[in-house]
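Chain naming follows the written order as A, B, C and D, and within any one chain the residues start at number 1.
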Amino acid sequence: MAKILMKGNEAIGEAAIRAGCLNYFAYPITPQSEVAEYLSRRMPEVGGVFLQGESEVAVSYMIFGAAAAGARIFTTSSSPGISLMSEGISYIAGAQCPAVFVNIMRGGPGLGGILPSQADYLQATKGMGHGDFRLLVMAPASVQEAVEMVMKAFPLAEKYRNPVMILGDGLIGQMMEPVEFPDHLKTEPSNKDAWATNGMDARNSRQRNMVKSLCLNPEELNNNNLVLKAKYDQMKKEEVMFERFHTEVDYQVLIVSYGTMSRVCRTAIENMHAEGIEVAMIRPQTLFPFPEAEVLSAAQKNSCQAVASIEMSMGQMLEDVQRCVQGKKPVHWYGKCGGDVPTPEEVADYIRTLI
Amino acid sequence: MAKILMKGNEAIGEAAIRAGCLNYFAYPITPQSEVAEYLSRRMPEVGGVFLQGESEVAVSYMIFGAAAAGARIFTTSSSPGISLMSEGISYIAGAQCPAVFVNIMRGGPGLGGILPSQADYLQATKGMGHGDFRLLVMAPASVQEAVEMVMKAFPLAEKYRNPVMILGDGLIGQMMEPVEFPDHLKTEPSNKDAWATNGMDARNSRQRNMVKSLCLNPEELNNNNLVLKAKYDQMKKEEVMFERFHTEVDYQVLIVSYGTMSRVCRTAIENMHAEGIEVAMIRPQTLFPFPEAEVLSAAQKNSCQAVASIEMSMGQMLEDVQRCVQGKKPVHWYGKCGGDVPTPEEVADYIRTLI
Amino acid sequence: MAKILMKGNEAIGEAAIRAGCLNYFAYPITPQSEVAEYLSRRMPEVGGVFLQGESEVAVSYMIFGAAAAGARIFTTSSSPGISLMSEGISYIAGAQCPAVFVNIMRGGPGLGGILPSQADYLQATKGMGHGDFRLLVMAPASVQEAVEMVMKAFPLAEKYRNPVMILGDGLIGQMMEPVEFPDHLKTEPSNKDAWATNGMDARNSRQRNMVKSLCLNPEELNNNNLVLKAKYDQMKKEEVMFERFHTEVDYQVLIVSYGTMSRVCRTAIENMHAEGIEVAMIRPQTLFPFPEAEVLSAAQKNSCQAVASIEMSMGQMLEDVQRCVQGKKPVHWYGKCGGDVPTPEEVADYIRTLI
Amino acid sequence: MAKILMKGNEAIGEAAIRAGCLNYFAYPITPQSEVAEYLSRRMPEVGGVFLQGESEVAVSYMIFGAAAAGARIFTTSSSPGISLMSEGISYIAGAQCPAVFVNIMRGGPGLGGILPSQADYLQATKGMGHGDFRLLVMAPASVQEAVEMVMKAFPLAEKYRNPVMILGDGLIGQMMEPVEFPDHLKTEPSNKDAWATNGMDARNSRQRNMVKSLCLNPEELNNNNLVLKAKYDQMKKEEVMFERFHTEVDYQVLIVSYGTMSRVCRTAIENMHAEGIEVAMIRPQTLFPFPEAEVLSAAQKNSCQAVASIEMSMGQMLEDVQRCVQGKKPVHWYGKCGGDVPTPEEVADYIRTLI
């Protein structure tokens, strides 16, 4: 399949369609509004539905409704919009419905700015909403990877009957890169007759299904939470994705970085290598589950003197890296959080201070 | 001052008044509706304002407005309501306004149940809303401690110009205990002329103030985030609160537990001590900042074979405990999350499995 | 075409589709929820759109948007829901957009009851919303007439670029009658390129259109109101519809009655005729424009001693009848307004009191 | 009492306080926002409450709540805001609660303009909301009269347990005139123990009260509507207010005009009198109940050749005048509706065309 030059936000929209998702409900917010713009035009062409909700709160419950009815469904938003969806996402997770959320992060907190940021790491991986649930979180570092992660997100959401989040940033959404939509990532929606409220009829001759997050009986609620916990434990075993870079050499510093930030780190590593300084990187592709074993193992390499979590946030991933490294090596943080992406030179300057 | 027998939710409401807070905006939700009920009657008696918003989203922005105008203000809610406030709380933190939020947690996710739970630990301490901000989080283990934490919360919120959260659970809210309202915890609201939009007049003859979270310039936004980060670093130095229990002996197991759960653990520890099994506990009173050094130090005691995070959640505090213990000792989790509080016997049974 | 036995609400929904309207946005409310239920199933079959708004306020602005974009659009609601739409309807009229509103009236005011009523006559014909505008209002007396009025409503709305209302009642909506959908009432949507914001492209190569109700310049606003007034004057000339019943005899009493109430009056008239009492009826089919000349003329008949406005309301049409009759004959009112439809006997008993 | 020079909107706010109303809930909209501005400052000074709702829909139900609880309550808004309140006002009327609404009309329909208008006459007097109810409507022609009508509105609302509306226009709201607040118009709130949900206690030892507009039983609903009808009939007998101008001479034309428009007509009449043309005016002070008998009687004067309804609307009062005049004399309309108030010369020019 030939590659097409597309803007990230448009490619994300197209990827959902290619993945077999014909329902998209959203509320516009910079820097991801192009997804809505693109799909408002594109969905009708493929017999799909684009629906703009009245607010992000509304969208989250429209997503819940569609997911509960067994439809493949996704939405896109940016940081403040995701906060408004946090109650709804908790309901969706509690009711065990599959849905895909794309967060094209902007700078925060509050209104913040509209430039790229990675300031929603903790929200996506830890405390998104009340109650015991997690999202499966993937973070693309290129438009092509965004496409592939979106396409993978639907079967993963259905495998776990749990929300999946793609955590991008304004740069991923706004930049143009050549992309292709791999046919092998197109999947058929799973059979949802066993649980979805998709209508009882001759076709599926089944018991009445009920989708709910309410469990007034404490034992029932505890059991529901045990089911959720088992799913998150399974994700930790089966879904960890990461990329190693330059780990084959005897590196002095190990960088952990993801998304757009990791691309800058890659250039910094190449430049330092040319200078004779060896630095390696683990790039988590899934942020939850986090590549815990890999980060620990890479940090334990004898040559490695220090680990650096490099982020476009004030150290949100740092705690995860610290947790994994278990005190075996010092763990540092470098980052910026205003929409200003650190340059390779700034990263290299920082890394040199650690040696 | 004589002790009064009060229900936790009512004591929380009274504590706010005694702390000098005369503004309370809220939306009712079980199991904290008694706060609103109590203050709807009590606020007018003291010349204060109780205002029921149209929704929790509305309340969060009413809080923002009052806080920006320099008023002492607080609200109470329970898990789903807090999720709905998460966008607003991010705005308040980004705009550096002081405000107090009480979360009387119920079981989740989603609608969940209305019985006690600790399932919002991650939300409160990590990812409550988008962007780089933190709440100062205190977790009371008794109605008296709830009273004192509420009274301390206002000057702390003003010291840091940051939201402070009291993370209770349905048991703290619903049970009756004798309480007193210590006069020394009554504080005068800080002078807010330097930043609040409290009106320019002869009284404060000052520059025009602006309260905002919008920083379209990346350097300005980065600087705002650096200011926030400095505040959270200062909290880690100055505000950590915890309680040691039975740490003076050679304990075999270290429990980390907070809130209502810690009361059960205390009984379990006493019972096991009577049997000859020594177990100690660190009870974090602040969940952010977390008593990192204390947990590490207590875990490193030679006699200690294992650390157990005991929670009314599926292991939300576990990651913090793991991070602190740095692999020095094995870290385990025990808990339930359906509103059913584990009994001392269940806790003791679990602890015995670790020895 | 064969007749089909259909419930009024369903027939109304089907009529819209047969009239070429493929867009229906609504919010459910008794006694018209079956329209939404029917069209939620039926619209997708014909490639149309059913969309449930978040509230009637929301629906009114969704209607405005679709109408401004040139789509044939309609909604249905019942009394309180129509009140919530009154601001939006004023905007639609002010911006001169065509749209069709069906009000299946229930008893009021306030929540009232859910049984049939005609208590929204004044709202529909006079003060529906702020500002100088009118609706063209049609009132069906049978399911078949409801079908035909709905089908006529779309071209009328487009002829005048003004909202058209079908004012039914719970009985029309709930009862089943055999209906047919006359092919000759199917119309093509008018060409809206001259004013609608339907997209500028090669197809319509036109000036930029703007749809708005804001006219800050008083002369512009006055002119807009003169345009509206001219439309309402034209309606009075061209669109008056009514039915005469038993007017060929020398009647002693003239009844003016519409909708379901007129069916009862018809039976009462037949019964009284059998007794030797002659009573005639004018049944307005359009409530605005009102059949002023016809009512005056019929009242002036020498044999006629009195005029009676018979309504399922407390005399809302009475003022219109009084205005038309101009003091030539005494004008009386009889009615009930609680959902209890007066019986033919009750009507006849009342008429006898006038003779 | 000395006269004070005040802006109309501020005088309206002050009048409510002087009338003993200490509760004001509102949402700002031009041209009446100064009421909210004034009362946001003034209410706290007198121990009263100013509360800005989230929307006019919200305000209408906050008014309902306060009125049901027995508080004197009022709000102010302008045309679109009143439309949004129309559902709530219907509820308040249906539930028989006293409340005062001030509409400082702006040009419509839709967004219209922000200049003075009388385009909400039909809404106020006829079709404000669904169901069989009416407002008692008063229309001031000066700031002083606005003050007095506001002060009278509260006891009238309580006498009838029905909403009362003051229908002003942007000119009344914006212009400054010397006013006094007559002490004799200050009234004590009526005793509401017989019906309001004001709390059962030792003070009022009473039965449980229920305030509601829901009557699912048709007989109950019909009875409620008969009670309402009886109140409106009583208003027609007891509350009609009007002013005669120049009716003592043998006038050739009778003007019916109200509010700001009547002030212009008065000047026109004086100017024409100086020219030798005699014109009289009936100025309705209550629009509902309308001075029906007076208009008929004045129109029947032998010298009178024509009646003219002169309005800042497209003839909304015309139908009422026609209805009263009963064809005895020709009835005409003159007006403008864009915020542009007709001048005395324009009015005189028009009147001359009728002679």
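Heads up, the rule we're going with is that a residue touches a chain if its C-beta (ideal position, glycine included) is under 8 Å from a C-beta of that chain, and two chains touch if they have at least 3 such contacts.
Values in this document were obtained by computation on a predicted structure and should not be read as measured data.
With contact taken as defined at the outset, subunit A and subunit D are each touched by B, C.
With contact taken as defined at the outset, there is no chain that touches subunit A as well as subunit B. Comparing the residue numbers each copy contributes, subunit C and subunit D share more than half of them at their mutual interface.
On a Cα centroid basis, the chain most remote from subunit A in this structure is D. With centres set at the average Cα position, the gap from subunit A to subunit C is 52 Å.
Computed from the mean C-alpha positions, the centre of subunit B lies at a distance of 58 Å from the centre of subunit C. Inter-chain spacing, taken between the CA centroids of subunit C and subunit D, is 28 Å. Chain contact topology: the protein chains form a single closed ring, every chain touching exactly two others. The complete set of chain-chain contacts reads A-B, A-C, B-D, C-D.
By the touch rule above, subunit B contacts subunit D in their complex via residues 51, 53-54, 58. Residue ranges of subunit B in contact with subunit A, taken from their complex: 57, 79-80, 82-84, 86-87, 90-95, 105, 107-115, 117, 119-120, 122-133, 212-226, 228-229, 313-316, 319, 322-323, 326-328, 336-340.
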